[in-house]
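Note sheet for the following structure.
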Amino acid sequence: MTDLSFSAQQDAFRREIRDWLARRVPREPLPSMDTADGFRAHQEWERTLYEAGWAVVGWPEEYGGRGVGLDEWLIFEEEYWRAGAPGRVGQNGIFLFAPTVFAFGTDEQRARVLPPMARGEEVWAQGWSEPEAGSDLANLRARAVRDEARGGWRLSGQKTWSSRAAHAHRLFGLFRSDPGSRRHHGLTYFMVDLAAPGVTVRPVRQLDGEAGFAEVFLDDVFVADRDVLGEAGEGWRIAMSTTGSERGLSLRSPGRFLAAADRLLDLCRLRPEQAAPHRDAVADVWMRAEAYRLYTYRTVTRMREGKESGPESSLNKVFWSELDLDLHDIALRVLGAEAERCGPWLDGYLFALAGPIYAGTNEIQRNVIAERLLGLPREPRR
Amino acid sequence: MRLAPTPEEQLFARTARELLAARCAPADVRAGFSPDRWRALGGIGATGLLVPEEYGGLGLGPGSDGHGPGGQHLGGQRLDEPPLGAQALVALTEEAGRACLPEPLLEAAVAAVLLGGLPKGADLLRGLAEGAVTVAVSLPAQDPARGPGPVPASASASVPASEPAGQPAVAHAAYADHVLVVTEDGELREAGAGPRTPVAGVDPNRGLARVADGGGRVLAREWEAAAGKAARLGAIGAAADLVGAAAAMLERTVEYAKGRVQFGSPIGERQAVKHRLADVLLAVEFARPVVARAAYAYDHGLPSAARDAAMAKVFANEAAGKAARGCLQVHGAIGYTDEYDLSLWLRRVWALSAAWGDSTRHRAAVTADLFAQDGPSPSCPSR
Amino acid sequence: MTDLSFSAQQDAFRREIRDWLARRVPREPLPSMDTADGFRAHQEWERTLYEAGWAVVGWPEEYGGRGVGLDEWLIFEEEYWRAGAPGRVGQNGIFLFAPTVFAFGTDEQRARVLPPMARGEEVWAQGWSEPEAGSDLANLRARAVRDEARGGWRLSGQKTWSSRAAHAHRLFGLFRSDPGSRRHHGLTYFMVDLAAPGVTVRPVRQLDGEAGFAEVFLDDVFVADRDVLGEAGEGWRIAMSTTGSERGLSLRSPGRFLAAADRLLDLCRLRPEQAAPHRDAVADVWMRAEAYRLYTYRTVTRMREGKESGPESSLNKVFWSELDLDLHDIALRVLGAEAERCGPWLDGYLFALAGPIYAGTNEIQRNVIAERLLGLPREPRR
Amino acid sequence: MRLAPTPEEQLFARTARELLAARCAPADVRAGFSPDRWRALGGIGATGLLVPEEYGGLGLGPGSDGHGPGGQHLGGQRLDEPPLGAQALVALTEEAGRACLPEPLLEAAVAAVLLGGLPKGADLLRGLAEGAVTVAVSLPAQDPARGPGPVPASASASVPASEPAGQPAVAHAAYADHVLVVTEDGELREAGAGPRTPVAGVDPNRGLARVADGGGRVLAREWEAAAGKAARLGAIGAAADLVGAAAAMLERTVEYAKGRVQFGSPIGERQAVKHRLADVLLAVEFARPVVARAAYAYDHGLPSAARDAAMAKVFANEAAGKAARGCLQVHGAIGYTDEYDLSLWLRRVWALSAAWGDSTRHRAAVTADLFAQDGPSPSCPSR
């Protein structure tokens, strides 16, 4: 049977996190996590979360989590964003990288990497894109040369659009370890210390005015074998599990959009005359946020019942990224003349604009939907 | 929390799908209403889903636990956990939409809600459950998400000036054995033997007709509440039908796009076609859980049930509209011909998205709820 | 200087046609031109127009026109559609074929073809598409074999989506006259008598329920040399001038959409409560109809000043076809529950749905815009 | 009937374009307001288009025939048929948008309308015409298509609760030499020496600041009509600016899409990119004649002038918004960086589409006109 209620334990879990957030969420928003001060403040917040057991609720207890299931994770996220709690500076590590470490890491790697990530001590940046490898991720050129003598690899090349890299401690990403290889063959998954000799990080200012991402230049950077994730040459397969997480369920829980939709209703109540011409449009985006929640419930049900989440995650990504943009766009319409002034809705809009671009552009995602879900033929390639 | 069809529900849908695959091919759809197919649908229990068991139905309506000892379950199979009424209905009407079924399956369920346990309705309910008779239903114009109320001025304005007032066109009334009418002042009547004047519509299988006023027998009075519930069930069932129709059009169009070669390669290789059909899939896949939730909310009487029903119809209208536009465009001129089968679904979608409350009306209901003085109805689950 | 006023003569021309239409437009709509009766009724209407000098205002007087310029043609069209006058059964001939005859025909051909066309006596159908040549028009297979003995050609093959062909008298179109040729080489432009031996016309019902187009099967149909337009083998170049007209200015004058937008306003005034939620959307399509008028004024100005209308006509076609669809879509939304019932707005919607498909799909048009107006690279072809 | 730029108008636009090509490259735009460039714009007459000739302007405002003997025409060139005021302005502001010009060129024109022939405004007008001073303008919140009237409640509500009432942010006030204010009760004032508090905005070159109330000198009273005209001219000029900005973004994006290779070929080969940019071109090309008509209607005082101005801003907002979204998406991440030049235009478009009346307000004005009791204003030409 379909059952949209939650169990008594789950309701108790919801009350617990709701009460905790009501007491602990900072009254004033933290400074942007992409400034030096804001980064530290967000690290402290992660520590606070960690100490109360909220940093990584789905992880096993030995790594700092509560070992709860997907339902509880959804509940946590709904409450977290509804409470207006700070953005997660550790998000890349926790949501994109940790699933890969759990799946492919050794015990030693898990023990070394995960706890400081959960505590907010080590913040991870991603190292996927390169200047010639954006949508075409398999076109990677940054290379890894074997250093048998020291028992490791020497990395060189350039990574771009690395979120959080301006202030982060470590980077995960793919490098071409087989010099004769092409496309998705011969790649290896590395963990890189951003303080290592040979690493240069150049912060890049985004439209929202902060250095939300950076270029990372690697010049003969040594990485020991223990910082290789999985087998050498298997990087693509391993990474795909991570981008699956990025595009799929974990990065964008419905909680974020439900909270934004509710804030949009609040804005409309505050400014009824400005909102009047937009009420139907507001109802439409509010309904889309609800639909995203219900769709996620369906996905979670399927995952719990053992179905793999595959190319379906492309449906997810297109839906949430366009919903997020439209939610903020309508808020700016309600604001009218005021929309050009800096404020949370403008910030949110600028942030949302990145949604259809990163983690595989929506054009790529629609190709995936058409080719892998509908079975349409692949595009001709030159 | 669980939102997905159970194996029982899948079996339920599959039984219907197999019957329709055998008996409701496009050529059958073109032939229109078939008493044989209707009786066959009765045979698997599809026409009497919500009819109480004592009248030969499956008794899946609210108030029944679906486990009554005399319960005859879909396709004669005994289900351990049969879905409740609206949830069973959407599993069926999605298949009806997929097959473009001409018969008034949704109306049978709506009639069962209207007739409830009325002794005067017993014969009709028995006939419906057997698939021996068909019924058309006319409800007062209302906001389905708000329950019944005074007819808004816009409803009477929707009758063209050249036509007799109070005689809107009723779907399937051109051929149905019975027509149930809830009048504007809340009387449930069975229409009399007066003339039914056919009205041309975009979908010939809708059998639109105006039903003469007066005559007939009064079955109940002060029936507004039942009419409101019936309208909500109609909206939810129609939503599932539209989702099924959209999915059917999408499947056919994908096949066409794989095979149609222009400029030396299949048109389905090109991004304009791919992305358009991807958008149709997006709309269909995101509408489906919305419809499922509306059916669940209806069956469980959740506080948000009225809004959820309205939202389901909005999403289904949107998905089906996108599918109709997109699939026609991908087909090009051949899709524009009457003899090509796509047209069957196009007509169904155009008709059904206007019926049981169009998007304007349902969206207005959602908007009214969200901007209500005392705040929106609580969603399920607690937020 | 920009000058959006019309001259005193032009105003007088407007008054003349307006007065004439007020007196002569049939009170009851004619039956559909795609029925036998309706076809005849529309032919009679064309004759009425012709006799008053309104059938082909832009043609020279010797062929039944008034020899007026583009401004007057725009005025005529605005008034014609505003008056709710019948659709033009001779449209294909007058707007798509006649410009080609003027440009490429011999004097003899002009004298023979144009006057009966202007009088509505001979209705022309187009013979472009074939089963394997829809969007890919150059993939034509219907062939013309030289018959030196009789001084002509023998045509065989199948033409599809031939508008009006169910009742029309003659057909214009392209046939492959050089058996070894490919794509747009080796094609010849023919005029075919649909009553000739070997021609079979199979009417095809459209979504609106009428046989608006037909399949035309040709089995060794003899066509004399005098019915070849231009040089043999030059058909593609000649036809492109015709499809230019079809996609461009002539087929869809702003008058049609201005009239539909005004009727939409009338509908809204008649049903204010049903229209209330759609007022902004109605204003948007009304504005788009106005914009189409202004854009056409710009095009006409340019043409008058000697600029060729080239790929710009693709902008035109995409704009009017999507405008037409949205105009009718909004009318149906205003009608609400009534939208499923047959009536002028539903008919108009079904008619409008063909707009983005025929005369080069809007997908093809957007390719043309991108490649020829913006200069983006051509699509890779297999 | 004629709707196209004349050779004179093209020369007019070219003169401005050449100046800006030399002095307003992206690096210059990043540097913000430049007194030198402003004076150079004064030198070609751009800052004094609507300033009467006796104050050193081109005197292209209504009431002038543009042929006055002392008239100094754009770039020092004598034009046989100089365009009238609004038409000259849109030719210039389209170039300003294309170059992303930081200086308040539009405000100079609006100020000239506000000051009209007021003797008290003579010095300011002279300074503007020379490009020696800049001016910011604050008009009461109003419906620009309806002319001035009481301030709607929504206007005051647009000031965040945490800010002093009656102190909306004024563009360019952070650095302008003069600030003209039309108060809600119709007084035209020059703001006094009170503090101007900068306000952060999406486009740093807009120089938003709140202007302290009180002080300053009253230039005129009962100035509502002039304020209404000024607001309309502002909307039309901003519309042309947005069209220019959209065209500039489109050009840059086409170049990028030709050169950016992914999956072995330029992204500009793919239909998703092509069709998106085709849609931007459609929006730009159809907005341009709408803006031209609005300027013509303004200059000639046509009955539809107010609605035409509103329509121009709606179309320009739409075109620029589509260009911003589409061009950013085609660029991908690089478009999202501040250091990449596309961001200059994105910021301009986001700011300017909210300023001088956003789409909501202007569309409402068109709607109000179309649904007015006595029917819509007659279009030009007669329909």
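Letters A, B, C and D mark the chains as written, and numbering starts fresh at 1 in each.
We take it that contacts are C-beta pairs under 8 Å (C-beta built on N, C-alpha and C of every residue); 3 or more make two chains touch, one makes a residue touch a chain.
Note that the coordinates shown come from a computational prediction; the quantities given were computed from them, not determined experimentally.
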Taking mean CA positions as centres, which chain lies farthest from chain B? D
Consider the two chain pairs A-B and A-D; indicate the one with the greater count of contacting C-beta pairs. A-B
How many angstrom lie between the centres of chain A and chain B, each centre taken as the mean Cα position? 40
Mind checking the centre-to-centre distance between chain B and chain D? Centres are C-alpha means, answer in whole Å. 52
So which stretches of chain C touch two or more other chains? 277, 280, 363, 366, 379-382
Counting only residues that touch at least 2 other chains, which ones in chain D make the list? 265, 270-273, 275, 363-364
Which residues of chain A touch chain B in their complex? 1-6, 10-11, 14, 71, 78, 82, 258, 265, 268-269, 279-280, 282-284, 286-288, 290-292, 294-295, 297-298, 300-302, 305, 315, 318-319, 363, 366-367, 369-371, 373-380
Can you list the chain A residues touching chain C in their complex? 277, 280, 380-382
Touching chain C in the complex: which residues of chain B? 141, 152-155, 157-160, 168-169, 199-203, 206, 208, 261-265, 267, 270, 272-273, 325, 328-329, 332-333, 335-339, 343, 346-347, 350-351, 354-355, 357-361, 363-364
Can you tell me which positions in chain D touch chain C when the two form their complex? 1-6, 81, 83, 87, 250, 254, 257-258, 265-266, 268-271, 273-275, 277-279, 281-282, 285-290, 292-293, 295-297, 311, 314-315, 363-364, 366-367, 370-371, 376, 379-383
Chain A residues touching chain D - in the complex, by the definition given at the top: 129, 132, 134-136, 139, 160-161, 204-207, 209, 213, 271, 273-274, 277-278, 332-333, 335-343, 346, 350, 353-354, 356-358, 361-363, 366, 379, 381-382
